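Structure record follows, encoded as structure tokens.
In this document, chain identifiers A, B, C and D correspond to the written order of the chains, with residue numbering beginning at 1 in each.
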Amino acid sequence: MSKKGYFTELYVGGKSLLVGLGVTFKACLQPIVTVQYPREKLDITPNYRGHIELRRDPESGECPCIVCGMCARACPSGCITVEGEKKEGEKGKTLTVFALDFTRCSLCGTCVETCPKGAIDFSQDYNIAGFTREEFHYDLIRRLEERG
Amino acid sequence: MRQTEDVQRAVQAVAVAVTPVEYGQRGYHLLVELENGRVRDFARIMHDQGYFIGFVTAVHVAPAIEVRYQFAHFDRQSRVMGFTTVDAAGAVPTIADIFPGANWHERETRDFYGVVFTGHPNLEPLILPEEDVDLKPLLKSEKNLKDAAAVRWPEPKVAEDTAAAPAAKE
Amino acid sequence: MSEAQAPLHHRFHLNMGPQHPSTHGVLRVILEMDGEYVLNPQPVLGYGHRMQEKMAEARAWPGFYPNTARMDYAGALHYNHGYCALIERLAGIEVPPRAEYIRVITSELNRIASHLLWYGALLLDLGAFTPILYTFDDREQILDILEDITGSRLTYCYFRAGGVSRDIDDKFVERTRAFITRLRSRFPMLEKLVNGNVIFLKRVEGVGIIDKDMCQRYGATGPVARGAGVPYDVRRAEPYSVYPEFDFEIPVGENGDSLDRFLVRFKEMEQSLRIIEQALDRLPDGPVMAKVPKKLKLSPGDVSFAVEAARGELTYYLISDGTEVPYRMRIRVPSYSNLSVLPELCHGMLLSDLVAAMGSLDLVIPEIDR
Amino acid sequence: MMESLMPELIRMVVAAVLVVAFVFLNAMIMGYLERKLSAHIQRRPGLMEVGPHGILQLLIDGLKLIGKQLVIPEKSDHFLFRLAPVLSFAPVVLPFIVIPFSRKLVIRDLDVGLIFILAISSLNVLTILVAGWSSNNKYSLFGAVRSVAQNISYEIPMLLSLLAVVLMTGTFSLQGIVAAQGKIWFFLIQPIAFITYIIAGVAETNRAPFDLPEAESELTAGYHTEYSGMGFSLFMLAEYANMFIVCSIATTLFLGGWRGIPLPFGDYSGIIWFFLKVYGLMVFLVWIRWTYPRTRFDQLMNFCWKYLIPFALVNVLVTAVLVKVL
């Protein structure tokens, strides 16, 4: 290595190190960008795809599900169980069981897209935790009633 | 297109059949049917022509497992699909010394199908654990196994004459 | 120090992984060492293998949508894209132009997100803790934008054969434009902090040289090949979607060392921004989903589709027997071929250099163990 | 006989207790500063949960570490494995004896104070070697070997840079060196020696960008990979105490020691200036750590032999000539 290269390298290298220090120093003075999660929460986008939820028709207030079973068939992981029964004096079937095994759901949204009546929607739940697998076996009809 | 013809000519010598196919429909340009013993010759031509290895894989069809090779080129739009069937012992010569990148693909194919790549430097299980060497998870069950012809493109009726022409010349 | 002369009794094995800070996942590398010199690194795969190819054979083709995203968590949309385009090619579905534009925009955003993640991770491998938080800050913006449109933050399931599952709105366009401005203003900061840093340059310059011949023999693609001076980019070489309509450059390196791979990815982010800008300017109106029959049988035959994922060429290869369920699906993932270079690449290297070289390959292990 | 020894004995016991207490306190302060500063450099708030602005977090962490099980690997050398963390503590406590905190506040002002500190603190490398060796882990051994090579070679530029100051003052006594800086602090006269010393000091304390012995992306945690609980925390305490010693030598030799604008505490006011300078330097080391990547091993050695030692050597020669001539 030539003598010139020796000192040039030292100068260029040293300068780059100082420039780096400048960047972190500037960052140190800038406001923080994170949020303190459990204390502050960011609003989740309305388009967020959580687990599925039955929804009510805004006009009639009833769940428009017709127990066709399209969602259960479309589900890649087979995590939806839909059952219904024929009631006297009513047209079509009435929904009796709509169960979601969330442990197997991969949130692809195929069920929502295939539903011909728009009876399923995504929930906004994202911080779900539990101690047993059974806690993630949702009875969506009960959840719908609880929501009122 | 002319470049593909060059390759076609070079490969012709080692292949059973070379069929140019519609790229827009199938995603590659040249389908090369190979004899089991000529795989290495084919790979060497691919190497000399400047192709890089895409993947090596197998498909379980009746009567014998097919091993498929895909090559593509850095400088020109040309993708070549080669296939051959395993011999009676379920073996195919390795190309891992010509394309070291095929090493892992071959080991993986050995894991999943039990295809033996003769001459492979290190045909140890790559993905399966040692105790499951004979699992062969991708082999089809009796019920699901299809004939080789069932997974081929149906011969286009109109193009039949033009496609048959170069084969007849040989 | 010539590694060939190392006496046998000096050699020993070092287990790097499956849990090691710089293998980025459950990759295990068995290193045969002589002192600090690596003689023979042998990657051991399969710790996180999920047999995606078997899963594809076990369900009707739409059921594979969510799986595509689980292979490469850093660049999931490219995997979405490849799969949907494959089905479209096989079934001859024409995608509406608006959907193609949306695909390009979101894919390129995803590419930037992936590169930003890699940028931080490489620096983390080299012992600098701070840059990853700066790049994560920017990456979060992309995730927010994509979450708003796709509904998830990482494992997107957004593209469908025939289009995309949800249309974008003005808010998306606005936020994306704001992000482009923001990221452009952040590049000089990163350049000052990292790209010019003498310690960083010394760590990556001349380390892990991959030449064109090696790329060809191993099938290494993406930034690894481009770093070696091979201008191979599937977006150019085998144009798909609406990429031919955009003006962008393919950055290439000269020496094929870790620094070149680093710079190639760094410049690619700017090129992706350019593509997004052009796509936003020319975004056509119209539907975002073609008419696709609910139950679509795949015609028999084999079909291949290659896309440029964040790490290189991703090829889906499907063999169909004429039913709804694929008969055989092969997924050629870029990291797999890129990693297979390692034994030859790192022969006779220092352990620290192996970490730098491996970091510059940008490995995503779930993609290798698909 | 006993009567004359007693006050001295009490003095020593008090000093020992104070020093050990200070080592713990210093680790807590530095732990807090390091985490808080790194957080702000990375634009996050850092510790916020325990106490106002997380000020008590380190106390809780300490309690947690004390409560943790000390896992001893089965195939390790049990005796040495337990001994190493304790051993690492000795060389960092002893130098406090001669550090002049203020005009009056020094436990013993030895004539060979500087030599004493350097001799004791070079023992540090031994404990790292013991820890790495006894763990029976390849990563630990790598860390230990790297540490030994690094510490020994960086001792040379360190000594050379300090020698320049000693040549000027003609004394090894730290109080004497501080006294000699009445008019001007030596970092203005000896900038090369100062910079060389700081760089060598960073390497001696195994801090980033020279933290090769514990390079987590390469060696998981280097020589203390196998240590848990209090074993690990003793190494941490030692690292911070080591930083304190390196910075206090720099302060004493180059930054005027306890000198500063007089404060109304008489002879003890110097302690405030002393601590301000020392912690200022330590904050600088933290700032460096969170900015740079890590060097490679051969580069570290090259830097030492190609840049630091020649510069320090020339500096010593020039100083010697000038001292003789002037």
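We adopt the following convention: a contact is a pair of C-beta atoms (placed from the backbone, for glycine too) under 8 Å apart; a residue touches a chain by one contact, two chains touch by 3 or more.
For clarity, every value in this text was computed on a predicted model and none was experimentally measured.
Engineer: In this assembly, which chains make contact with subunit C and also with subunit D?
Structural biologist: Per touch definition, common to subunit C and subunit D: A.
Engineer: Which pairing of chains accounts for the highest number of C-beta contacts?
Structural biologist: Result of the pairwise contact count: B-C comes out on top.
Engineer: Would you identify the chain whose C-alpha centroid lies closest to the centroid of all protein C-alpha atoms displayed?
Structural biologist: That would be chain C.
Engineer: Cα centroid separation between subunit B and subunit C, in whole Å?
Structural biologist: Taking the mean C-alpha position of each chain, the two centres sit 26 Å apart.
Engineer: Determine the centre-to-centre distance between subunit A and subunit B, using the mean Cα coordinates as centres, and give it in whole Å.
Structural biologist: Averaging C-alpha atoms per chain gives centres 41 Å apart.
Engineer: Could you put a whole-Å number on the gap between the CA centroids of subunit A and subunit D?
Structural biologist: Each chain's C-alpha centroid was found; their separation is 49 Å.
Engineer: Among all residues of subunit C, which ones touch two or more of the remaining chains?
Structural biologist: Answer for subunit C, listing residues that touch two or more other chains: 130, 134, 137, 193-194, 197, 199.
Engineer: Residues touching two or more other chains, restricted to subunit A: which are they?
Structural biologist: 17, 20, 23-24, 27, 33
Engineer: Hey, what residues on subunit B touch two or more of the other chains?
Structural biologist: Residues of subunit B touching two or more partner chains: there are none.
Engineer: So with touch defined the way it is at the top, what topology do the chains form here? Options are line, ring, star, complete, other.
Structural biologist: Here the contact pattern is something else, fitting no line, ring, star or complete shape.
Engineer: Pairwise, which chains touch?
Structural biologist: A-C, A-D, B-C, C-D
Engineer: Sort out for me which residues of subunit C touch subunit B in the complex.
Structural biologist: By the definition above, subunit C touches subunit B via 45-46, 49, 51, 53-54, 57, 86, 89, 92, 212, 215-221, 225, 230, 232, 237-238, 299-306, 313, 315, 317, 319-322, 327-328, 330, 332, 336-337, 340-341, 344, 369.
Engineer: Using the touch definition from the top, list the residues of subunit C that touch subunit D in their complex.
Structural biologist: Residues 12, 14, 20-22, 36, 123-130, 133-134, 137, 193-194, 197, 199-200, 202-203, 350-353, 355.
Engineer: Spell out the residues on subunit A that touch subunit C in their complex, using ranges where they run on.
Structural biologist: Residues 12-14, 16-17, 19-20, 22-24, 27, 33, 45, 47-49, 74-77, 106-110, 113-114, 122 of subunit A touch subunit C in their complex.
Engineer: Where on subunit C is subunit A touching in the complex?
Structural biologist: Touch residues, subunit C against subunit A: 59, 62-67, 70, 130, 134, 137, 144, 147-152, 155, 157, 160, 165-166, 189, 192-194, 196-199, 294.
Engineer: Can you list the subunit A residues touching subunit D in their complex?
Structural biologist: Within the complex, subunit A touches subunit D at residues 6, 10, 17, 20-21, 23-25, 27-28, 30-34, 36.
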